[in-house]
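In the part that follows, the structures are each spelled out as structure tokens.
In the two complexes below, chain A is the common chain; its partner is chain B in one and chain C in the other.
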Partner chain A sequence: MFRPKALALLSLALILLAALAVAGCGGTDQEAEVGGAKTAIPAGPGVGETIGVTDTSVKIGTLLPMSNTTAAAWGVPLSKGMKAYYDYINDKGGIYGRKIDFIVGDTQYTPAVASETARKLVEQEGIFAIQGSLGTEAHMAVYKYLEEKGIPDMYILTGNTIWTEPISHNRFAWLVDYIDEGRILGQYIGKNFDGKKLGILAQNDDFGKEGEKGLKLGLEDAGAKMEMTTQYYDATQTDVTAQIQRLRTDNVDVIGYYGMPAQAASGFKAARETLNWDVPIVITGVDAVEIVGRLAGYDNIEGAVSVVYGHQAFESDWPGIQEYTEILAKYAPDAAMDNLTLTGMSLSEAVVSVLRQAGRDLTRSSFLDAAESGCNVVSRASLVPSNMSATDHRPTEVEQYVRATVDRTDPNNPKFTWKPFGDLITFESTKDCKEPTPPADFDAQPQ
Partner chain B sequence: MDQFIQQFATGLSTGSLYAIIALALVLIYRSTGIVNFAQGEMAMFMTFTAWSVWNWDSNFWLAFFITLIIAAAFGALIELVALRPVESGPVLNPIIVTIGLVLILDSLALRIWQGQPKPFPSPAMFKGAPLSIGPADISRTNVGVFCMSLLIMALIYLFFNKTKVGLAMRATAQDRVAGSLVGIRVGRMLALGWVLSSMVGAVAGMLLAPTLFLSPTMMAGALLFAFAAAVLGGLDSPVGAIVGGLTMGVVQNMAGTYIGSNIDITVAFVVIIAILLVRPRGLFGRKAIQRV
Partner chain C sequence: MVRVLLRPRTFVMAAGLAVLIAFPYLYRLPFFDNYLSDFRTFQATRFAIWIIVLMGLNLLTGYSGQISLGHAAFVAVGAYIAAILMKDAGLPVFAAVLAAALLTGLLGFLIGAPALRLSGPYLAIATLALIIVLPQILKHPSIDQWTGGVSGIRISSPRVPASMHNNLDMNTDQWLYYNCMLAALIMTAMAWSVTRSRLGRAFIALRDSEIGAQQMGINVSLYKMTAFGLSSLYAGAGGALYLYQQYYVGPTSFDITFSLTLLIMIVLGGLASISGAVFAALIFTVKDDLTNFIVAHIPFGEKIGIESSRGALFGLLLIVSIIFTPRGIAGNLRKQKEARPGGPRKSRIAALVNKIGLFSRKEAQASSD
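Take a look at the complex of A and B:
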């Protein structure tokens, strides 16, 4: 048994520990900078130009949460999609005779592990490039390190603005950033709910606050005059009933929501089931995935509006999706065709298209130049062609509004999809690009 | 005023989630003297078990009771395999073991059931329109969780204060040597503590999963608050656990409403630290008397 004093001390220690853990979840940026900035290895552009490249292979790594975290539910299917596409390319002989040697690094979604894994991939495995790193805080811990070593850091899978502001020659984002995305959702709200009251519900971190900023910019774009109120929730909490309740007490007419999938689902349940409130909800594209519908309940989520940036896995009449489905069935038969495996495949496809353009003499410089020279690049899931430049490191500059739709043709087996509506919204920042000269044998390489 | 009442009610429902987990923590502390950091993970693991049973036979209450039986065995197993070898060592050892259990159960659950959150069924009686109490709406699930915590608390009270086994358990927790000298089988009593707490944890997990969704980390957020609630109430008091949990929920909600939703958690913890400075044993903690 504890003595009374020990008990009191233990009590205080527990409380402090709990408080620290809560605070820690929102504040790992500092650690991240330490992890990224302090490195004594000689580095810089031009160093190790051909590390990871031989005449018959090129080594490419990814940094994904694969274990010890629920984010593995995202990391595992993504990695399967990425690998399936490379296996397909390798089966066709590779690019200029080089097969892709693909290595998955596990970050466990934490900055410390990500930092260690990135060093292992770079210093022991000797990778040529990194692709598709997932998780803002995990990638914060490594992006400066990759930049200093001059390693191509391709197509980061989070939407923060930090990756491309300022632009670094070696680093490319993948998703539309949260400010641009929020802006497009804000324009929708401004057009459809002008003069009414908007309630913003946002996660209390960079993700939520960038989205909030975007929503407000979008209202300005639309010239809408709307009253506004904002509620935040902490990322450690799943239940957002109290926040939804406050928005209802504030009599908002529409909700703009920047939350992660579990909290998003909780919000829909709270509004529709707990409060019996049919307020329109406009929600970040992060949640335009099938699982949010399953968690929230189809009846609760039906009618919600969001955005996507590419064709989706359910669009089985789109030729690109059909091809992806075949590739996945052949090279990763245990993986389900969904928007995650699809993202993995289209991300690898984008890297392959840069490898083709870089030509036979592959160096990090030629690779990065090829990535910046992209002009009218189309992949199987693209909505529009994509252009890149030295000042534009964001391949995805298009959004499509989608609405949560339930098809009840078979009442026992309702089908849920995020169904596209309205025109495509493009905001391509590289307007006049010139298609680069294809290197020798370009057309002979598989894609 | 209506806003105040509504937020107070919502605070009580949020708090009832914390209270029921805090209750399981208190139970194990009271009967074994150990603070069980793995309480949340044990509950999560049992909730996944319930989900598997429910998938096999989609009757909620059948799954519920089968899971309770499994949970009892699970609690006993953990005590026998993981805790018994370190029980006689320094007081920190069992605590470290429970922290190890957190990692083990997390990885196991991820391996068996994968990480994507899953929807979890609620029993039919918790579905339907929210109940209106005056100007406040409160969901049936939360009312159910609240009533369940009260029921469990009453059962615990009866068990510890009106039965011989309960008395023996309290004696064991207070002084193992004296307990064994008067003929109490100390090992069995400790195992029983884990059995009970595992069962309460399982109930908590199954009631919370429709709200928090089923995933290996489902309890992480709520467990912090449950710890705080248990400490606030006084680690060895079931009544304290419930009062502590409800207080946490209400303070958090009031702070979120009247100060700002971005600092509700900060304010809640500041309030708790302030209370503990004045009452280090917690609101309902008994003053331990020790001969020196």
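Take a look at the complex of A and C:
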């Protein structure tokens, strides 16, 4: 079919490609793996220690989905909360005279865009640190890069175990990991539904699988003997009616649900509305936010059990929440006070407390050392003080059961909350920490 | 010899080549350092990779007229094959990229078989199925020891060879740029020669009239499968280079959105044109910067929540450009050229296609330029 000439051209091109590769690609990752000797580019501590820091400012970036996907519904309020808190700190003069220059990078919730945005923040904007990155796969594409460059990767907003196993000096998680969280939910199920049949509905990825693992561990903890069946759905599908239908056919008595908010809402609707099925649902803390209630419909979600790791936006009698509400009203008047803006603010507050501890001579090393030295750190929203160490990069190690509750005292304006019940469950891994010596002028810095 | 060098076309090509070679170092000069950085080099590397991917898609869709909505699946396959070969088999990068390209090409050739029975929207749906099932296959427990399941594959990060670093003060980003850009140049030259060969003319004949092509003695099934195979080879090479640059690939790295965007880009850039694929890659690379720039400069943008509607903004840009440049950027430039006084320059190939007499004069001009 080919003329000799075309064939010759084709093969010539292929040979050229091969030649290019042979000539060019000599030095590769394999060489780098063999040892540091051949690694030409210096990396790690010592390089770019003070990038993004001046006497009057420090540049901090975040990686959030801000457009194109439903996840933007999380990125936008989170970034508003983060920014509002920094505006508040800047108004008070900043930390050691440095105002926080906060930059939001859009990941579109995809790995390819996330890696490009991360590099833009690091190389174009010259940020000092990254905070609050959201999205497992998106962050998977950037975390090694940040590690190699020695850039503080603070308080990742997904609960995968991979971020802290193994621990890297530059990387800190924020959420309770999904296995620990699932375990606590599993213990609840084991205690309350022993001898019955559990249907697990999980997203078919790391998030869902780790949650499923945790749920099963929790049942063992509680010594429960339960029949089990598992249904998976794919992250790209937003309607889980078929899976709920299947669990109904299997006659399960309780559902343990590891789904993202859009699918969670679909699941509640399918069970209560479509199938008129009043099955108890125990769901991941990812969904313990107000927006899931709005998406699912209050009548459908009422009674569901979940967990939270801090005080919530509706607790207007808690002083910390009152302060947050005031900050938000002043610095982001268009944002609603909910658990997402709250998370954004408390995350920024955690970074600020590390900046305070790091002292006047701010470098990436002093910052990371300060983050590791955290002892009895309390923020406005925390349930218990948090301890950190070189082997503990998880600030949040506490959970509180909550139940989806609808207050109908005003029938025209029902109020939806995740209402706490039961005792706090703490699993702090750093038991004996020593409070670090505060640097000079520590108390004069705003918080 | 001197006269050859002074020909405008040669001159432009030489100048272009010089810019491509100098680009990664420009940011170290005054003036340029305001605009360029290692990050721009990184983006230029992405640009080179997208050229390869889109060039392949253009061979399939632009030249042969087979619509593929699932082209990203081949990019993913290329990336995964390269990842497995580098990580598990320990192959050097060049061999892994080459093998990934060839294997993906072979796979594409075989998957091209349904295209023999399907055409138009039906083929589009069949290819769409590819990109939908691929993540499921990649995550399947029976092969997740190789594909890494839901977590994907991470290879160790690329490094510039010490000799290059010491002698040319080259860093890893520049190193990756030269590798990928050279590959893009070679693949572009290959596409150029293919489209101007008997094979390319057969693709065009297929696109314009299958029956006509058959009448001319073209083996329709073989050429259709070849078109699929060739474009998959490009996709595989692009995917492998993407992996080399990114050192991570996951099951959703290349999703439906990515796949559809590829097709949109090729239409925007200009179907059935080499420069069209280059324009397409350029738009693909800068589209987020572009929308960010517009978002940042819209007055009162924050009040109307423009931040979260960047997707809609991009859609609007698409509609506008389709209205004003329905033949893509390359097609539009060509139209202007044709409208020049004295008419377009006649190329030898156009004359040749005319001699075959398959098309009307205008179509022949359009498809051969």
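Following the convention adopted for this analysis, the second predicted complex is superposed on the first by the 405 of 447 C-alpha atoms of A that agree within 3 Å, B and C clash if a C-alpha of one lies under 4 Å from a C-alpha of the other, contacts with A are read in each partner's own complex, and residues count from 1 in each chain.
By our rule, a residue touches a chain if its C-beta (ideal position, glycine included) is under 8 Å from a C-beta of that chain, and two chains touch if they have at least 3 such contacts.
Owing to the predicted nature of the structure, the values given are computational and were not obtained by experimental measurement.
If we overlay the two complexes on their shared chain A, which of chain B and chain C does A:Q357 touch? Say first, second, both or neither.
Neither: A:Q357 stays clear of chain B and chain C.
Could you look at A:E123 and tell me whether it touches chain B, chain C, both or neither (first, second, both, neither)?
second
Is A:Q187 touching the first partner chain B, the second partner chain C, both, or neither of them?
After superposing on A, A:Q187 lies clear of both chain B and chain C.
Which partner chains sit in contact with A:S67 here, chain B, chain C, both or neither? Use first/second/both/neither.
Both partners, chain B and chain C.
On the A-aligned overlay, A:N204 touches which partner chain: chain B = first, chain C = second, or both, or neither?
Touch status of A:N204: both partners.
Using the superposition on chain A described above, determine whether A:M140 touches chain B (first), chain C (second), both, or neither.
It touches chain C, and chain B stays clear.
Mind working out whether A:T107 is in touch with chain B, chain C, both or neither, as first, second, both or neither?
neither
Taking the superposition on A as described, I'd like to know which of chain B and chain C A:S115 touches: first, second, both or neither.
Second partner only.
Once the shared chain is lined up, is A:T241 touching chain B (first), chain C (second), both, or neither of them?
First partner only, chain B.
Taking the two structures together, which residues of chain A meet both chain B and chain C?
The answer is residues 1-3, 10, 14, 16, 18, 21-22, 67-68, 72, 76, 204, 234, 236 of chain A.
For chain B, which residues are in contact with chain A within the complex?
2-3, 6-7, 10-11, 13-14, 17, 33, 35, 91, 103, 106-107, 110, 114-119, 127, 129-130, 137, 139, 141, 173-175, 211-213, 215-218, 220-222, 224-225, 227-228, 231, 235, 252-253, 256-257, 260-262, 264-266, 269, 272-273, 276, 280-282, 285, 287-288, 290
For a test of understanding, state which residues of chain A touch chain B in their complex under the given definition.
For chain A paired with chain B, touching residues are 1-4, 7-8, 10-12, 14-16, 18-19, 21-23, 67-73, 76, 204, 230-234, 236-239, 241-243, 245-246, 249, 261-262, 265-266, 269, 273-276, 291, 294-295, 297.
Which residues of chain A touch chain C in the complex?
Residues of chain A touching chain C: 1-3, 5-6, 9-10, 13-14, 16-18, 20-22, 24-33, 38-41, 66-68, 72, 76, 106, 108, 110-113, 115-116, 119-120, 122-124, 137, 140-141, 144-145, 148, 162, 204-206, 209, 234-236.
Under the definition above, what is the set of chain C residues touching chain A in their complex?
Interface residues on the chain C side: 37-39, 42-43, 46, 86, 90, 92-95, 97-98, 101, 135-136, 139, 150-152, 154-166, 171-172, 175, 178-179, 182-183, 186-187, 189-190, 193-194, 197-199, 219, 222-223, 226, 237, 242, 246-248, 250, 252-258, 288, 292, 307-311.
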